[in-house]
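In what comes next, chain A is part of two complexes: it sits with chain B in the first one and with chain C in the second one.
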Partner chain A sequence: MNIEGDLLHTVTADKISDSRKRLGKLMVWGTALLCVGLAVWQTAYQTGRISSGFDTWRPILYAYMAWATALCAAQVIVNGEKGKRTLFVLPATLFVVSLVVFPLLFALYISFTDWNLASPNGPQPNGWDNPIQMWNDSFFWNALKNMVYYVLAVSVEYVIAFGLALLLNAQIRARKFFRVVFLLPLMLSPVAVSWMIGKSMLEVRFGPVSRLIREFGGEPSFYGTPEIARFMIMAMDAWTFIPFMMIMLLAGLQALPREVLEASKVDGASGWQSFKEIIFPLMLPVSVTAVVIRIIFKLKLADVIINVTSGGPGGATDSVTSFIFREYRDRSNVGYGTMLAMVYLVLIVIFVTVLLKLVSRWMERPA
Partner chain B sequence: MNAIFKDHESDRRVKAKWWTSRIAIYTALLTWAVICLFPIFWTITTSFKLAPDVMKGNLIPWWDFTPSWKGWEAIGFSPRLIGEVSTVREEFLKRFWNSTIISISASLLAVVLGSLAAYGLSRFNYRFGFMRNSDISFFFLSQMILPPVVLALPFLVLYKSLALLDSRIGLILLYTLMVLPIVIWIMRDQFQGIPIELEEAALVDGLGIWGAFMQIVLPIALPGMVAAFILSLVLSWNEYFFAALLTSTNATTLPVMVASQTGSQGINWWSMAALSSAAILPLVIVAIFLEKYIIKGMAAGAVK
Partner chain C sequence: MKVELYNYIKAAQKMNRRQMLKGSAALGAVAMMPKTAMAGGHGNVRAEILKIPGVGAGSPTDSDWQKVGEMCLGATKGNVTEGEFAGVELTFMGLNNQNLHNFLFRGFLKPWEAYTGAKIKWIDLAQADYNARLQQSIATGTVDFDIIEMGAPFEGDVLGKGLASEMPEWVKEQIDMDDYVDYLKAPVGTWGGKTYRVSIDGDCHTFAYRKDYFGEGSVTGRDVPTTWQEINEISKDLVGKEDPLTGLPAHGYLDPLKGWGGFGFYFLENRAAAYAKHPNSPAWLFEVDTMKPMVNNPAWVQAIQDVMDLIEAGAYPTDQINADPGTTAFQQFLAGTGSMLMWWGDVGSSARTSDTSVVGDVVGFGINPASDRVYNAQAGAWEDTRNEAPNMAYIGWGVYVMATVEGDEKKKKAAWSAAAHLGGKDLSLWASAYPSGFQPYRNSHFQFDEWEEAGYDRAYIEDYLGSNADSYNHPNAAIEPRIPGIFQYYSVAEDELAKGYAGQYGSAQETADAIAAAWEKITDQIGRESQIAVYKESLNG
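And then the complex of A and B:
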């Protein structure tokens, strides 16, 4: 939205006295000073320069929260009516900034250290060692390559989801029943899914799927070969998330202009023709939104892998997230793991930006 | 007997075609319904099986196996154990309670913060430095692409120094952060659908902007907020990654408990099945009764 001026226009004649302004500023600067002062004191205590201090950094957190509250309150005290408007966005902004920006900066620092939680020395900067190690780490590149496969699997999910959405949009009975049933997999936690399907239904000896395969004379093996193992992970993830795309597409289908569809019917379009020439093109924006969001979720894929294969066989199913998870938990290799995570973040940001740019350019051109 | 109204030859062909398409549609629907339901059915029935039943692959209760409470006894729920003191049940209830508190408070916090921000962004023009409204919206929504691994470690260290490791508050803050972009996305859509004249009328009648928001806009936007709340609830109830890294004994949630059982015990099928069923049941119930809101939440923003 690019409208200049407020949508909800308010005119107020605030007369804010100087003392009130001073009070507001005093509150903000006072609490900020308190926070910084406590932080400096605590740093000095932890580095051993002074003898007394707090056990933990909790008090600094409280001071920070006091500062945040003071900042919010001061908006109204200093700016009056205009401040009340700021107050809508400010809490969320402060929350996100303090929980994302600071940790990210900190992560950037750790990623250039040799920190291992098991080592007593704490973090020591080690220059470019981590990037070099990453460059030579074939498992990391392998995990990235797997992510490409996983993301490509979204196209299949999209086709299935579109088909299901069309089915649900058709003239059927018991639509509500089918909608609830189709929605159910999305409600289940990936961890439960990885036990329910990955470890029990796909169990080689007693699982129902193995039994079925044996009935047909096959020999079940789900996590033996890289291709099949990867496919199984994809299938489980698809099973959970297809409803998500399906519902977005269903909403799109229900919002299609009825007149256009009826006009095409009058003109004698067959079912396939009206899908190809009308429904699909009209659904493109919704489809793109659904696919992009799905890809974003896919890039975080980890829970199922961690719990079912933990990356095996030989890293064939590893996603970047599950690989880094094991780097943290099994090897406590904090510095290196964080470096990988930062690199992954940069790659994701580039990928998603390019994707969005391509999509918006492509959407502007009429197909 | 001759019918009075006779279908023409071409009408009959249409009818046959209609029937085939019906059959195709219902076959496809039923197939997918089975795909969706079978794992849930399998898990719930397995929780009532004994070892021989699992090995023989018996499927249908009362027909080819007799249900038993063995699996549920492993987490302390069965007619026999329900009256007694049971440590496993205490353990399970503790995890369950953790999950409940954490997901509900995180969703509430996210809905409050997110609704406020979304309302502001849909009604006023802001300028923080170079950031305009669209930039601020983008800033919030871009958090969605942030992979959890990037934050995991800094939070591990940060929480350690703040003594928030293994605490519910720590997880609540993180989950709020995780679902906030989605809440803002849904709520912005909601607020943009509310005509601005309503607030203008309220302002003329003497309410302030916060008064108008609280008394006029909020009641209208309530269904959207419920949708956002439920979606957040589902996401934070199911979250595993942060919970696995940041909690150890006190604040562990259900997914962590389920995952830790799979690792150590091999195939203690019935108890695992009971645990999994217990972990998924709340959300299955939510899905069945509040399906309307979940769909509304996910459809918001998809259609413009």
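And then the complex of A and C:
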């Protein structure tokens, strides 16, 4: 019996023979070798170095699955009871690696190719051409600049959402009714919002909003200039998602300790003072969470833009995602589109990491 | 026939009680006939199928499609024996737009399946998913369908890569290809001198205008314009005037200034065709030997300049910068905004039936307007001669058999038989007369007597379909190159045009140069040499 290691969580102590261990290792290395061997062979075939190979990469996938199965089985064969515990995690890990890490690596490779679906030659590595193209692509930088505006708009949304949350937290008539009503926009799909509001209510000729503006003697134009068009996109997106921030802030407000608020009242604090000195500081953690999540939502903004303006006029409302959508879907430009997506992914990771770091530093309070 | 066209005709029929009674009496008489007499009555299949379900009798249903398919089986029976394809299974990929296309094909092919013994599996796609699905299938080598419904612009992607099966001689005879309108004949549907396409549709843009804007005493006081120069003059003159129908501001020609997934570029092409499509060459988008874009030559720049002039003059409705072709047609022209438009068949047909349409009684049709002068790209100079060039935007749908059937003669014959059945001369007449998603595309579809006999309004058919026929058979029709990635070129052009229209480029020339630069990039990416070869093929067949 093995008396070393973790005995507390071991139900049975296995006596595993050397031959069994060898078998397990052989299974793993044998299938790994098969998988790698087939992959090398197929690569050589695809690159024209050898004349025979498979029509598709499917056999390599089967070899990978055989290796994964052998790896799982070998855990038990080699380690016995301890291996069974590994089995609780290993299949899930392999699954994640297969469906996330492999595609990510593949995407990284694709992003350095000139793959256009219409090209007869398939993906061909093109070095730094895609990053250079991106560097010189005014559409991309314009979209990125628009993202800054869109993200900054979150601050205004936050103020409105906080105001609404305070209102709905107050003792007002029909409070529950208003809570439901204010949540309704969040229940709508942004695609529905863009059609119902962006393309119907705001339709310049017969949309009801346009008619109303004409009634007052104005001439409606919602997407005619870059600034107004961008504002309209921000407004539609805000209308959909302010309720999300509002409901988070409302939950925070309701969780505030009553004693502190009452104590401030007893001490004679005015409404503004208690908000500034007590409610707002206590709400900071919730506020930061709501804002950060909202920013993450905002970085994905595309549906409203694609439906209402297609990025126009002249790219003024383009988000990075809507631009990538056009590049990738309309132009089948897989290589360059993937490069843009990868760069955007890296930018988002850096931005969100820095944001969270700043937030945590700002939030640090003396013990 | 497009659904809207059918609805329009129904609404425009003004069927009176006498006609109704005549129809009912005929129906009663047929019902009383013995079966043998009914069989004898099928001698004139064309007249018979046009009675299913009957003009004004509501939209056809699956049972109608099956009946039509059954009655048009004659040609198939001449080439295929009963049960010949037993055990064969074919996969058909097509669209499910408006519950038409594949839905009709299912009904048409059901009797064919029963007769031949073959079975068909269906892949239904939404229009928006179609291009991506097709391109991915091609790029990843996963062509999992034997028959495809496909537009001619994709022929470069499919035929150019040898993915389709060549049409056998017996199919050509069965479908009577000589009957096609001129522009659908070779090189369309052919590649390397071989024929691949069974046409089931034709496409072109025609000119729609408001009759109440033109003529003596009208708001313009002028005749209907026939050139783009006149159109621009009239559009500018209309600034500040009042629409005779709605009382709102009057507008002239409606250019869509926003992209539409590549399809918006067809609308600049309408203007440019008259300037750039010289009768001495079929090439008007790229130079034949180099694939150098022609989109920044003086002809195209003039077309862009025309649009910019109208923007400058304030001739468009408010927010036109955010109007795509769908908006110009359905939210503007049909709703009473603007007086001139280029579009596919839908606009004319929706005029009286669409809920938002107010212009039904005042719509007239014509072919793509001409230009007073034409640019001769070969000579590099303008010529002061009048030039007409109808734009065959999208070239229509066809049915193609994929190379997946090669090596299995039985399967190959089955696939081609199915395709020939769908593109049959008689069946296509029915499809052009009832809602199907397809327009008339054979010379025999323009025998107005047949339509009149079936109960259609002669004046309407002559005006509307006449403009189509004139465009199809025009000797200088502008036909797009069937090269790989053509919609990529259109899509990027839309983006650059949008920037130009929004004033981000200094001039029309700069805008055109930006498009040309983007096109060069796409050509290099796809492969210049292969594009040149494919382009030449697409022009010569």
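Heads up, the rule we're going with is that the second predicted complex is superposed on the first by the 266 of 367 C-alpha atoms of A that agree within 3 Å, B and C clash if a C-alpha of one lies under 4 Å from a C-alpha of the other, contacts with A are read in each partner's own complex, and residues count from 1 in each chain.
Methods note: a residue touches a chain if its C-beta (ideal position, glycine included) is under 8 Å from a C-beta of that chain, and two chains touch if they have at least 3 such contacts.
Not measured: the values here are computed from a predicted model.
Q: Which partner, chain B or chain C, touches the larger number of chain A residues?
A: B
Q: Is A:F206 touching anything from chain B or chain C once the two structures are fitted on A? First, second, both or neither.
A: Both: A:F206 reaches chain B and chain C.
Q: Give one of first, second, both or neither to describe whether A:G314 is in contact with chain B, with chain C, with both, or with none.
A: Second partner only.
Q: After superposition on the shared chain, which partner residues are touched by A:L23: those of chain B (first), chain C (second), both, or neither?
A: In the superposition, A:L23 contacts neither chain B nor chain C.
Q: Looking at A:G337 after the superposition, I want to know if it touches chain B, chain C, both of them or none. Which is it: first, second, both, neither?
A: A:G337 sits against chain B, while chain C stays out of touch.
Q: When the two structures are overlaid on chain A, which partner does A:P285 contact: first (chain B), second (chain C), both, or neither?
A: First partner only, chain B.
Q: Tell me which partner A:T56 touches in the superposition: chain B (first), chain C (second), both or neither.
A: both
Q: Quick check for you: in the superposed arrangement, does A:A269 touch first (chain B), second (chain C), both or neither?
A: In the superposition, A:A269 touches no partner, neither chain B nor chain C.
Q: Does chain B (first) or chain C (second) touch A:P185, or do both, or does neither?
A: It touches chain B, and chain C stays clear.
Q: If you stack the two complexes on chain A, which partner ends up touching A:E219: first (chain B), second (chain C), both, or neither?
A: second
Q: On chain A, what residues does chain B touch that chain C touches as well?
A: Overlap of chain B and chain C footprints on chain A: residues 55-56, 203, 205-206, 329, 334.
Q: Residues of chain C touching chain A in their complex?
A: By the definition above, chain C touches chain A via 131-132, 135-136, 138-139, 141, 157, 160-161, 248, 257-262, 317-319, 321-322, 324, 331-332, 335, 337, 356, 484-485, 487-488, 491-492, 495, 498-504, 521-522, 525-527, 530.
Q: Quick one: which bits of chain A touch chain B in the complex? Just the residue numbers, please.
A: 1-8, 10, 55-58, 61, 81, 84-89, 91-93, 95-96, 99-100, 102-104, 106-107, 110, 163-164, 167, 170, 172, 176, 178-197, 199-201, 203, 205-206, 208, 211, 239, 244, 247-252, 255, 285-286, 289-290, 293, 296, 299-300, 302-303, 306-307, 320-321, 324-325, 328-329, 334, 337-338, 341-342, 344-345, 348-349, 352
Q: For a test of understanding, state which residues of chain B touch chain A in their complex under the given definition.
A: Residues of chain B touching chain A: 25-26, 28-29, 32-33, 35-40, 42-43, 46, 54-55, 57, 59, 113-114, 116-117, 119-126, 128, 133-134, 136, 139-140, 143-158, 161-163, 173-174, 176-177, 180, 184, 196, 199-200, 203, 208-210, 213, 234, 237-241, 244-245, 254-256, 258-259, 262, 267, 269, 272-273, 276, 279-280, 283-284, 286-288, 291, 294-295, 298-299, 301-304.
Q: Quick one: in the complex, what on chain A touches chain C?
A: Contact set of chain A toward chain C: 55-56, 114-122, 133, 139, 203-206, 219-224, 226, 229, 308-316, 326, 329-334.
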